[in-house]
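Multiple structures follow.
Presented sequentially are two complexes of chain A, the first with chain B as partner and the second with chain C.
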Partner chain A sequence: MKAIAEVTPAAADPAPGQEWRPPTYWPFVVPALVVVLAVIVFPWVFTIWMSLNEWKVGSPTTFVGFANYVRMPNDPRFVEAVGHTLLYTALSVLLPLILGTFAAVVFHAKFPGRGFLRGVFIMPMMATPVAIALVWTMMFHPQLGVLNYLLSLVGLPPQLWVFHPGTVIPSLVLVETWQWTPLVMLIVLGGLAAIPTEPYESAQIDGASVWQVFRYITLPLITPFLFIAGMIRMIDAVKSFDIIFAITQGGPGSASETINLYLYSVAFIYYDLGYGSAIAVIFFLLIVAMAALMLHLRQRTMWTEIGSGA
Partner chain B sequence: MKNHLISRRSVLAGTAAAGALSLTGFPARAAEPQWKKYAGTKLEVILAKGPRGDNFQKNIKEFTELTGIQVESEQIPEQQQRQKAVIELASGKPSFDVVHVSYHVQKRQFEKAGWLADISGYMKDPNLTAPDLVESDFSAGGLQYAKNDKGQMHSLPWSVDYFILYYNKELFQKKGVAVPKTFDEMVAAAEKLTDAKEGTFGFVGRGLRNANMTLWTNFFLNAGGEFLDAKGGILTDGPEAIEATKLYQTLLTKVAPPGVAGFNWMESMASFTQGRSAMWIDGVGWAPPLEDPAASRIVGKVGYTVVPKGSKGQYSATYGDGIGIAAASKNKEAAYLLCQWAVSKKQGARLLQAGGGVPFRNSILNDPEIQSGVKMPKEWLQSVIDSAKISKLGLPVIIPVAEFRDLVGAALTSTLSGADPATELKKAHEQFRPILERSEKA
Partner chain C sequence: MNLRQILGKIGLWFAIFVVVSPAILFFLWMASLSVKFEVDNAAYPPVFFPERFAWKNYADVLASNRFLTYFINSLVVTGTATGLAMLVGVPAGYGIARMAAHKSAIVILIARITPGLSYLIPLFLLFQWLGLLGTLVPQIIIHLVVTVPIVIWIMIGYFETTPLELEEAALIDGATRWQVFLHVALPIARPGLAVAFILAVIFSWNNFVFGIVLAGRETRTLPVAVYNMISFDQLSWGPLAAAALIVTFPVLLLTVLAQRQIVAGLTAGAVKGG
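After this line comes the complex of A and B, so read on.
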């Protein structure tokens, strides 16, 4: 990165011997600039402006400064929603990562029917979340659902799944995991295909076990890919709305209400646009912070790679 | 019938009187409105999806034939329709002239924002209003919903939703249980009817946050509860609320199917139509699916009756919808004709006869000819008529109805996993009070 940073200003300077001419390209920038301003910058500035106002649909607006932000830590529903979001995100990043890596290792091996099975495996990813949610809702049904029937076959007691506050988040994560494990698998499969075969051959000669090969060769080499997959999953999971909304609407009570769902309620059901905007701003900052953290970690793994390579 | 016979003399006298009245500027009441006056006008309508919307769209051609007014209407799922209506009305330039209003959620909000046109004047104008459409024909609850605090009509009450008790006659007979008349009897009956091994339960009802409020208020009202005090403060942490919540908790944890905390009307209905639950308290409009052999296993076995009596009274929690005109509409008179048609005797009769809703108009509900055409069981109709006599608004008339339902509803749901009713209600109350105060101040 440092090298690039040094090169860039040098390239921008006029080459020696050439006259400086006023840039003539700016009219070409205008259309893009207008679009960016209208579609990205304006909505953001407007959201921040709204968040500084008491703005309820149907009532006049008044400027209240940071009152909406002060309200948040004192709003138990918001605080709970943050907790739910973090738990939901952590679980629905970790589980697909673990299972996806495992699936990728399995599908990387050559066996008959591999292509077909890979195709089958990635099907959940192609389905519409709301349709999936409706199917899972039926499967979760404590009396009529198939999941409790399956449990009864192996002698386990029936569960309440999404109908109990204690099990609702893990149950939703189950759906999320089922749907997005294939994505992680695809990314990791790409990584596995790029790994050279030599380390494996020497490991075989050294008599390494399957676990050792995975732990000391495969895993370090696919770590950068895992970070990519993890980041995509994290951004997706933290914003997850459709599956939760369609299955539980944040219930029972507010046991599965994430920030996104609460934000929706505040802005579009309670019509409290000011407070809703403030939550949106904080939510955005949270996502940015999480993504920055992931990027930072990724930089560090790259560094160790280069370090260990040297 | 005798006094309806018309003699030439009475006609002449009547005509002369009418002429004299019109000369003096007084309107003649018996005349039909000038239906054709606004021919060629085009109206836009947004409706909530459901039997009212269906009934409206199915027969709208009749209105166009009658008036020459073109109507474009769309049905949107309830939640989204409410959002769309509010957002467009708040913008000041709604894309529609006529809007379907959910009274129990939107009344106060619409009234305070002044989004709907005042139609009191139209209702007195014989050029616009048919003689049979008079205020006194609407039930008290309907008028309470439609009028603002100054007594002006801002919409026409369309369809009312009473909560009634549905019960499974077969299960009742099998266990030798009588139909409960009080909540105490209901709990006792539900205990007898519950057989967890067989997978049958005594009672089912909404446990899902927000939706559950419409069930709970039946318990609350019958325990003598009132939503608001004289100053408009909310009263949902008092002894009545605690009594209601304890009953709610008992029913939904001891004698209801597992997972009921996540049930809305749909899941409750599924359990009831599968014959897995013996009693269900919900809106009066579910008779058609219960009596539909394609959707129900208990066709012909369903009993219908009023919600049992509580410790302090017997009421049927009432909700309802109406149809109104956007204050910003440029075609208010034409729109008024349309609203009037939507709540007309003919349209109301169709709605009632199909079981898709109950008109607010007594002249429809009490007409023996219309009654005889009702396709639902007689008991159903009787439960409707009886509920009308004990009707009481099922939710407070305030702006933040949605917050109220969410917060108190979440407290109720918490009690289903063991939380203490009094503590939870207190917590919800503390959270809700500032929201209500802020909404009334604005």
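After this line comes the complex of A and C, so read on.
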């Protein structure tokens, strides 16, 4: 085979020894590159340019430098939105991580119907968010909603859920947690599948309790996966839009207005595209900064783990 | 079976029940809302199994001629955006995997992190300038933001695991790279194609944020149409819940039928667009 190829090399191709030289695969990538440049890179570059301009729909644009950026810290609604976003994100990372780990441990066991039930379990995150939001809105209804009925069954007083500024963010986090716990479960389940069985066998011989096994064997071994899940959850929770917009539109008042919702209002209700672009840039940098912070924390905890000899 | 094992079994099934019930109960309640008359939906304590079923709720939603328009819009947008993404994304995934150009994946990562709204501002202006608003073209193009990264990301992963020996042999036999891709690499990566296709379809179908800005009255996709039902047309719960269920039913069905592919795709890339 080889000899024949050397005698009559294929016309379009270089000699066999050079086949995997990188540039030859460029034609495969070019169409996607064009698309990516058009719908991802171009919008980014243009957004940065717009953020440096006073740019309102229907009026002429003027270059204003960093004025749009200076506006943000002095805009109480924006500052408030940052606070809402941080609270919403922290809760929407923590709760799915805890519940998702529990669910993963359950799904790691072998039982009949496991595949089907796993399919059912991940339905919340695949379902159309707007459709879900609509049903949750009905369930949150203070008089007719089923949630207050369920509370009354266990003797708890009725709540105003998303209709009260004090409870709107926890209520939305409830929906977000219900929706995205499955993703954490899937990632952690992948981690559990990779754990060797030896530590469990020796723990059983030593008579360790279920909790001890989880705390001292499972948890340390799945930490990298929990970290990945937390990172993905953070990125998604910060950007959360559909659920909040469809249920509360940021209300009541602006009690559940996150950065993403405020960005929507600025850009597509007030049509202040310059300021909206500046918010988009800062929003993106905030997400990158939070991701970097998590990576940094991860590296530090890794060092302490090594330091303590674990 | 001793007592300890029996208790363990009971405990496991109790845990399974606890874990799965929020999803099951929610969708059952959604179905219940959608088949009840207004009297039953407004009853307290709530009625779970109505005595009379209001199938009319579904008939009403399906019969309104706008619904058909929105359904076709959704099909066109999701179908075209997914088709185009497969067309450009699958070869790109192949190229990136074979060139081992892992740094290029950073663009995908940036696309994954960027909030959907930040694409909307510049593209909205561009579409306005091109006079495309009012057609489905802007939505098809912007849905590529969701579908292309998903397809590329998943296909990189699949092509990295397919064996190189066969491709090498085909090249030595004088096949062109394009032929190798089409006849050797692609058939092996068929499971990956299914995963990429299913996830791109679902996330495009579900997308809401692009539609609320770009869709006009005639160009709404189903999620946007349902949202508009809440705010304007409908106040009764039965037809609303029916509409919500109709919109999300194809996705739920796909999730249960193709859960293996979906799980594989989500754990490989953990991608979600928008």
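The rule is short, and it goes like this: the second predicted complex is superposed on the first by the 252 of 310 C-alpha atoms of A that agree within 3 Å, B and C clash if a C-alpha of one lies under 4 Å from a C-alpha of the other, contacts with A are read in each partner's own complex, and residues count from 1 in each chain.
Definition applied: a residue touches a chain if its C-beta (ideal position, glycine included) is under 8 Å from a C-beta of that chain, and two chains touch if they have at least 3 such contacts.
Predicted, not measured: the structure shown is a model, and the values here were computed from it.
**Student:** With the two structures laid over each other on chain A, which partner does A:178 touch: chain B (first), chain C (second), both, or neither?
**Tutor:** second
**Student:** Applying the document's definition of touch, where does A:232 land relative to chain B and chain C: first, second, both, or neither?
**Tutor:** Touch partner of A:232: chain C, not chain B.
**Student:** According to the stated criteria, A:277 is in contact with first (chain B), second (chain C), both, or neither; which is it?
**Tutor:** After superposition on chain A, A:277 lies in contact with chain C alone.
**Student:** Contact-wise, after the overlay, does A:143 reach chain B, chain C, both or neither (first, second, both, neither)?
**Tutor:** Touch partners of A:143: chain B and chain C.
**Student:** Quick one: is A:158 in contact with chain B, with chain C, with both, or with neither? Answer first, second, both or neither.
**Tutor:** So A:158 only meets chain B here.
**Student:** Considering only the touch criterion stated at the top, classify A:241 as touching first (chain B), second (chain C), both, or neither.
**Tutor:** Once the two structures are laid over each other on A, A:241 reaches chain C alone.
**Student:** Compare chain B and chain C by how many residues of chain A each one touches, and report the one with more.
**Tutor:** C
**Student:** Which partner does A:68 reach: the first (chain B), the second (chain C), both, or neither?
**Tutor:** A:68 contacts neither chain B nor chain C.
**Student:** Once chain A of both complexes is superposed, is A:268 in touch with chain B (first), chain C (second), both, or neither?
**Tutor:** Both: A:268 reaches chain B and chain C.
**Student:** Just checking: does A:251 make contact with chain B only, chain C only, both, or neither of them? Give me first, second, both or neither.
**Tutor:** first
**Student:** Quick check on the output: what are the common chain A residues between the chain B footprint and the chain C footprint?
**Tutor:** 143-144, 268
**Student:** Going by the contact rule set out above, which residues of chain A touch chain B in the complex?
**Tutor:** 54, 56-60, 76-77, 141-144, 158, 160-166, 248-254, 265, 268-271
**Student:** In the complex of these two chains, what residues of chain B are touching chain A?
**Tutor:** 79, 83, 86-87, 89-90, 109, 112-113, 115, 199, 207-210, 257-263, 267, 270-271, 274, 276, 399-400, 402-403, 406, 409-411, 413-414, 416-417, 431, 439, 442
**Student:** Tell me, which parts of chain A touch chain C in their complex?
**Tutor:** Its residues touching chain C are 1-2, 5, 8, 10, 12-13, 16, 19-20, 22-29, 31-36, 38-44, 46-47, 50, 102-103, 106-107, 109, 111, 115-124, 126-132, 134-135, 137-139, 143-144, 146, 149, 178, 182-183, 186-187, 189-190, 228, 232, 235-236, 239, 241-242, 245-246, 260, 263-264, 267-268, 273, 276-277, 280-281, 283-284, 287-288, 291.
**Student:** Which stretch or stretches of chain C touch chain A in the complex?
**Tutor:** Residue list for chain C touching chain A: 12-13, 15-16, 19-20, 22-24, 26-27, 29-30, 33, 41-42, 44-46, 84, 87-89, 91-92, 94-96, 98-101, 104, 107, 110-126, 141-142, 144-145, 148-149, 152, 168-169, 171-178, 181, 202, 205-206, 208-209, 212-213, 222-224, 226-227, 230, 237, 240-241, 244-245, 247-248, 251-252, 254-256, 259-260, 262-263, 266-267, 270, 272, 274.
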